[in-house]
Structure formats: C-alpha cells, structure tokens
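Structures given as structure tokens follow.
The same chain A turns up in both complexes below, where it pairs with chain B and then with chain C.
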Partner chain A sequence: MNNKAIVIGGSAGSFKIVMQIISLLPKDFNIPIFICLHRLRSARKGFTETLKVKSSIKIVEPNDNEIIEPNKIYVAPANYHMYIIDGKIRLSVEEEINHSRPSIDVTFYSAAEYYKENLLGIILSGANNDGANGFLKIKENGGKTIAQLPSDCEISVMPLSCIENKSADKILTINDIIKNIIIFISLNI
Partner chain B sequence: MHKYRHGILNIIDRQTSDIIKKIIFKEFAIDLSFLEDFIFRKRLTYSLNFLNITPLNYNEQITIITNNQLQIILHCVFPDETELFRDTDMWNLLKIYILSKINRENKYKILFFNATAGEDLYSTLILLNELKIKDNFEITLISPSTYSIEKIKNGIISQPKNRTSILNYKTVIPKESITKYLGYINNTLSFDNNLLNNINFINCLPFDIVSEDFDIVFSRNKALCFNNLNIESLFVEISKNIKQLGYMIIGTNENTPNNIINSFKIIYNNEKIFQKK
Partner chain C sequence: MLKLSRLLIIYFMFITNNKKINGKKKKNYERINIKIVILFVNCLKMDIANEEIKEFINIVVSLSTYDFSEYSEKSLRRRLEKIVNDNNCSLTEIIKKIKKNSDFLEKIVRDITVNTTEIFRDPKVWREIEKEVIPKLKKLEKINIWHAGCSSGQELYSMLMFLNEFDLLEKTSSFGTDINSEILEEAKKGQFKYRFNAEYLPNFDQVLNYNPEKEKVPYSKYMFISQQHDTIKINPQLLSKVEFYKHDLVCDKNIFGIKFDLIMCRNVLIYFNNNLQNKIFDLFWSCLTDEGTLIIGFHESIMGPAAIKYIKKGQCYFKKPLNNNA
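Up next, the complex of A and B:
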C-alpha cells in the first residue's frame, strides 16, 4: 500500500491560499504534497520562490523521473503536465487539457490511481472546470476530497464544477480546509 | 459516435494496449515497449480517437491498421506539443553565447532528435536567419513518423491560436516582427517553408539514430515518454551522435542519467545546455 499524500489544484485566486496553507503546515508533515496551479507558461522563475517566502519546507518544481519523498512539496512546473506514476514524478508536454498545461485533471487522476484511498484532494478557487474529472477519480478510488466553499473563492467555477459532479466530500472555508489538512497529516504521524 | 473520452479519462486498458503493441510489432516490426506504459496508453487512446477507431468498432479495425494509420499513432505517442521559443532563457543563451560566437568560416551540423512537431526547428531557423548564419549550418531532423515529417515540412504550427509563441518571439528577437516568418496556407497559420529547404528529414525510430557527429543536438523533452529502463539507453544513443565540444540541449525539467552527465560539462544548468567533454 502506498503512503498518504495530498494533492491540491487551483487557478485564479488560489495562489495566496496555497501560500497560507504552506505557511501553516507543521515542520514535519511527513507526506508528499503535490500542487498543480494554472500559471503563465513562460513564467518559469519566481513562482516557487514566492511560495517559499513564508516557509522553510522543501518546495520544488520537480524534474522528470524524480523519486517522490515525504516532507516535500512538489509544484507542477510551468508548461508541463505533472503525473504521479509508480512513486515518481513524470512530466509531459502533451496537448493542453482544459486549456491548461499543467492540467489539474492530469495530476489528480494519476495521483488517485497511485495513492487510492490514501489521498486527500483539495480544489481551490479557479475560473474553469479543470480538476473536476480528476476529483471524481480521487473519489472513485476511495480518496477524500474537499472543495473550497464557493462563496469563499475569488472565482468559484472550479470548486462549483466539483460540487456539480458530486465529487466533493466536503465543501469548506479555507480555515476549515487547513484544519482538515492538519488532521489528515497528524493521523499519519 | 461513442468515443474514448478525450484527455486522460477512460484511457484504454493495459491488455488492449498490449494487443495493439503486438499488432504493430507483428505487422511493422516496430517495438514500442520502451515507452512508459501509462503515458503510452493515454497517447494511444488519443490517437485511436483521432483515427475514429472507437470502442465499438475497435475489434474490426484494430487488426487491420494501415501504414498511414500507424504513422498517425507514432505521431501521437511521442508528444511534442509546444510553441516557438519555448523556454526563452535557453534560446537567448543559445543565441548570445553559442550561435553568435561560431566561426563563420566553418560548417556546423545540428540534429533535431525524435521530433513530431516543428517548433524547435522553426525557432532555430529564425535565429540562424536573424544572425545571418543559416548557410553555416547543415540541419537534420529525425522523426518516428512520416506523418510528422509532412507536417513539419509544410511548416505546420502545433498551436496556431496560442499567443505564447508571439510573446516568446518578442523576448528573444525584440526588434523584428514575427510576421515575416509566418503566413497563412489554406487558412492555417504556417511557418515560412522557404526556410525549410535543405533540411535533411529522416524517418526513423529513437533507437535507430543516424550515426554522425553533430555540433548541436536538440532533444528537448524527448525522454519524457520513455520508461525508466530505457531513458539511460536513449541518452547513450543521443550522446554518441554529439562530437567532442558539441552541445546537447534537453528539456528544462528533464533529468539526465548520472553516467551520461559525467561525459558532459554543464554549461547552463537551469536551461539544460551541456557540452560534451
């Protein structure tokens, strides 16, 4: 059985929430966290560096074939899809999915296949429905899913898509999402 | 018509993809087992959709794959979807520190490895043209698919509606307009195919690389669809084709096997430009 992991997807309005989540993580969270945010294709510098500002946690944009380690945050690199396959990160330059590369569906789907019921998926603010199919896949594989409360979002299309396809187990404010993350992590320690 | 769903969902199962691999091997003597299974199945699903081979007519059609259909499958299973001057920092370094410093009395050779789209080739041709050194270079492009080669020969742009190419171009070549390199052929945005004359297009699979000494080899993001067992062998093959002090350029987030990287000097680590020792 694979260890636990958290996978977070978001687009417009999600960056500052992700920063907030990262800043409140315990030092030894002991599981891998995958973050797939829509971002400018050409902006390769500054994104991860900004996420690191409020945290001493290891945050990386992985290279292809990198072995997944606990206590590390993996941010999907600009202009690559990020898969989780057999305990490794695999990248791809396939067509955009839902007008996006990286696509949240790709990361959610492959993480769901690998981590099965040991995965917590979180969908945050965003302006299209990327992630909704992957969220369903997480649920079908026995994982837990949390959508950000639409009224709490800067742009609510992304969590609403997950609510509409009935893939969200919980619909929570950002403060409650963070509490759930901490509980999910602490159950592992 | 019922189709496999586009994208990553409902990708064909391992059993079906194995059957297709066997058919391709039996009919065309092409062994695709070096590809990463999950990504291969996803790409195969995409190509079957493209060919209108659906779950409903799969049994009848899959056993009679034609060579033309095979070429489309090969085009699809090596994804190369990108834009002009992808990773602009790399192109700027290439322009300023490598191409601008060549000896204009000499001839050089460039190889584009396993290409199924033309964007890296087009970007290089634009740079060579801007630097007025195009005649100093002999360019070879190898592709696993004749379908891909036809598209590239015709200057087809992978993502004609994507504005990133234009933005990238402005970053690398700020003083000149991209319009002089692009035009519409049959209402499709295309690269100026006058610049595509004198390119050596070779149809071969990744492990059948032509053995020559190249000064620069572009293999950007080509190893991403290979399985772990074969990535190292792939880089060994690529490395054999680079002359001493020649350059290898790979994708910015690709990993290079340790034993390969030992025979190269890292020139620009972030941009993944290496020079053979």
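Up next, the complex of A and C:
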C-alpha cells in the first residue's frame, strides 16, 4: 500500500508562501512532500539552498530514480519535469508542457495515480493554468485538493483555473492551508 | 473506468452550471460551457489503454530493430499521448499506419525521442571535468570521445571548444550518436537557431571565462552568431573534428570497435527502466579504456549492480577496472 503524501504546485508569487509552509511544518511530518514551482530557467542554483536556510528539514532536488522517503521534501529541479512512479522519482527533459518545465500537471498527474485518495494537493499563486488538469486528476482519484484564496494571491490565475474546473475542494487563506496540512499530516489514513 | 469518472465529473459540472443560469451568471455560463466542451474533447483524446501501448511496442519490435519494451512506462505513455494528440488520431490508427508505411514508423520513433541539449549544459559539471578529467586526458597520446544520445550536438561541440582551450583538440577524435537521424543532420551542419540557444550563451562564459585573470575567450572564436539571421554557426574547424552516426543504445552495442577515454550520455537514460539502464552502464563500461570517464546528466546517478563498476567523483564516473577490487 502507498502511504500518503502532499504535493504543492505554484508559480509567480508562490515562493514566499512555500517558505512559510516549510518553516511551520512539524519536525517529524513523516510523509514525503513534493513541490513543483515554476522558476526562471537561468535560476538553477540557490533555490533549495534558500529553502534549507529556513528549516532543518531535508529538502532535495532529487536525482532520477531516487527512492521516495518520508520526512523529506522533494523540489522539482529547474528544467526537469518530475514525476512519481512505483515509489520512485523520475525526471524528464521532454518539451515544456503549458510553457513550463517543470510542469505542475506532470507532477500532479503522477502523484494522483500513485497515492490515489491518500494525497493532498495544493495549488498556490501563479500566472498560468499549469496544474489545473492535474488538480482535476487528484480529485478524480479521490485525493483532497486545496486552492489558495485568489484574493490572497499575488497572481491568481493558477488557483482560479482550478476553481473554474471545479477541482478545488477548498479555497483557503495561507494560514488555513497550513492548518489543513498539519491536520492531514497528523491524521492516520 | 477513468473515462467514466471524468465524464461523471463533467456531467456534475453541467448540472451545477445549469443551476447557475437560473440565477444570474449567464456570461459565466457560456465561458464555463466552452471549458466543459474542451474538457470533454480532452477526455476523449487522452486515454490510451495499456494494451494499446503493449501492442505498439510489439508491432514496432516485429517490424524494426527498435525496442521500447524497457523504456520507462510513464514517459513512453506521455510521448505516445503527445503523438496521438499531434496526429489527431488514436494509437490503434497509428499502429495500422506503421504496419503499412515504414517511413511513418521512422517518423513516430523520431517523435518518441526527446531532443534537448544546450551549449555547455550545467556549467558546474564542466568545471569538474576541468578538474578531474582534463589532467588525465593531457597524459594521453590520442583522445577518443563518444557522446551517446548527442541530439543536435551542442554539448559535443562545447566539449571540442573546451578541449581546444587546453590545447587537446589536435589529438582528439570524437563521435556523436543518436537514435534520431533527422536531428543528426542538424548536428552535422552545426547551425542552430539563435532564438532557441541565446539563453544558454552565458553558460559559455561561466565555463570558459570564469577566471578574471585569464584572457577572455570571445564567442567569435568558436561560433558565428547572427541575431539578424537567427543563427549560431559552429566554427567549421570544429565541424571537421566530429563524426555523427545513427545508433540505438538499446540494441546496437559498440559500433566503433575502439575504446573511449570519455563517454558522455546526458539525460538519455532517464527514459529507460532500471534493467535497461544497467545494461547500458555495462555497455559503457566495456567501451571505456581502463582510465576512462563517464559523464551523465546532472540529476542522474548510477544505481543497481553496475554501480560497483564505477568510482564516482562529483559528477564524473571513473571506470573501475576488473581485478582491481583489493
């Protein structure tokens, strides 16, 4: 059986929020968390390093074929799609999807197929609709979905497109999203 | 099942939308309905059954030398989904066409392969090559290099520029191979679109011009860049130093009959399953000289049984010769 996991997608205006979420995570969250954020292609370094400063949690840009471990945060490396299969992380440099590499849809889709109903998907501030199809997939597979409250976002296109396709279970402020994450982590599914 | 659940969700959306028109949001109604139609079309388009993929693999194996059976299942599925969408027909129809037309089969194989490369991709790796590999190459009388899965050749040409900076180009022979014959034609010409490659030019400086005390290497030493014509042309001198061949890593083995001092294979094996990856790491091992080095992608690593045959130092993997385990 697959354990549970959290997958987070975001683009413009989501970096600070991700840092906030990470800094408020309990020490032993005991599940894997996958983060797929769009970023500039040239900004390859410094991203995970900045995240690491904020917490003592293990944050990695995984290698291809890496076995997923709990209590670890996996950030899609710049310029690679990141997807999950058979308890492992695989990478790809296929064409951009929705003008993005990494594409949030790719990560969401595969996580939805692997973790099914034991997945919590979160979509944050961003400027295109990458992630909306993947969000629908999470919902179809029985997972839970939370979109950031559009009025709370720096750029609201991304959560709005998930709200429009009716894939968001809840639409919440950041504080409430963090509460939900902590509840999700502590619940025994 | 999947299709059914998708249709149910769409149906549900339809009902909730209809409720809305009784209220106010008529404009919204139209917009959302268009979205529903798009979703509906998508859900009819997207699904490819596992059996269809298996049939595709079997047909291709029976008709050609290509074998996709050990490709990573998910990525093969994504490629086929893209092909199905681009051709606007089902995979079954594509299989039918493949049976009739061998040119079409070649085209589909080309479409499955991923072509991504850049000038001096991952500058950090090049700095490690400078530190770990260049001293070894300096000792050799002759240098043989193989870039497996070279795509349009930018990285192989980068390697030749790099070697020239250490006065090693003279004694170097290099080979680039790829499964995609069309992309190799592009590589042979050594001419690339400026607009697709311009963003990687800073890599050149990060690799060749990081030391401010050294004289700056200008782009023009190796490349003729014309923004106006949208071209980056590789210096013809470099073109003459490399040979390109069509080669399928999955079944063609070592076609050269020589051993290599340096093999590059970057972001190719990420599309294969573990078993096939291991076979290819073994193949590279047998193609390397005892002092040879393998360079793989920045986010790749050698795992499984082949791992003990290499010694890792940073991003470089050195061959560990047999009978040297003591």
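As a working rule, the second predicted complex is superposed on the first by the 187 of 189 C-alpha atoms of A that agree within 3 Å, B and C clash if a C-alpha of one lies under 4 Å from a C-alpha of the other, contacts with A are read in each partner's own complex, and residues count from 1 in each chain.
The definition used in the following text is that a contact is a pair of C-beta atoms (placed from the backbone, for glycine too) under 8 Å apart; a residue touches a chain by one contact, two chains touch by 3 or more.
Just so we're clear, the structure is a prediction, and the values are computed from it rather than from any experiment.
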Simultaneous placement of chain C and chain B on chain A, clash or fit: clash
Which of chain B and chain C A:Glu61 touches, first, second, both or neither: both
Chain A residues touched - chain C or chain B, whichever exceeds: B
Partner chain in contact with A:Val93 - chain B first, chain C second, else both or neither: both
Partner chain(s) touched by A:His38 [first = chain B, second = chain C, both, neither]: neither
Partner chain(s) touched by A:Ile85 [first = chain B, second = chain C, both, neither]: both
Chain B versus chain C as contact partner of A:Pro77, first or second or both or neither: both
Contacts of A:Lys4 with chain B and chain C, given as first, second, both or neither: neither
Which superposed partner A:Asn165 touches (first chain B, second chain C, both, neither): second
Partner chain(s) touched by A:Asp105 [first = chain B, second = chain C, both, neither]: first
Chain B/chain C common contact set on chain A: 41-42, 61-65, 77, 80, 83, 85, 90-95, 106, 110, 133
Contact set on chain C toward chain A in their complex: 2, 5-6, 9, 12-13, 16, 32, 35, 39, 42, 72-75, 78-79, 82, 114, 116, 199, 202, 267, 269-271, 274, 277, 297-301, 303
Interfacial residue positions of chain B with respect to chain A in the complex: 7-9, 36, 38-39, 42-43, 46, 79-83, 86-89, 164, 167-168, 171, 221, 223-225, 228, 231, 251-255
Touch list for chain A against partner chain C, complex: 41-42, 61-65, 77, 80, 83, 85, 90-95, 106, 110, 133, 136, 139-140, 164-166
For the chain A and chain B complex, residues of the former touching the latter: 41-42, 44, 61-66, 77, 79-80, 83, 85, 88, 90-98, 103, 105-106, 109-110, 113, 133-134, 137
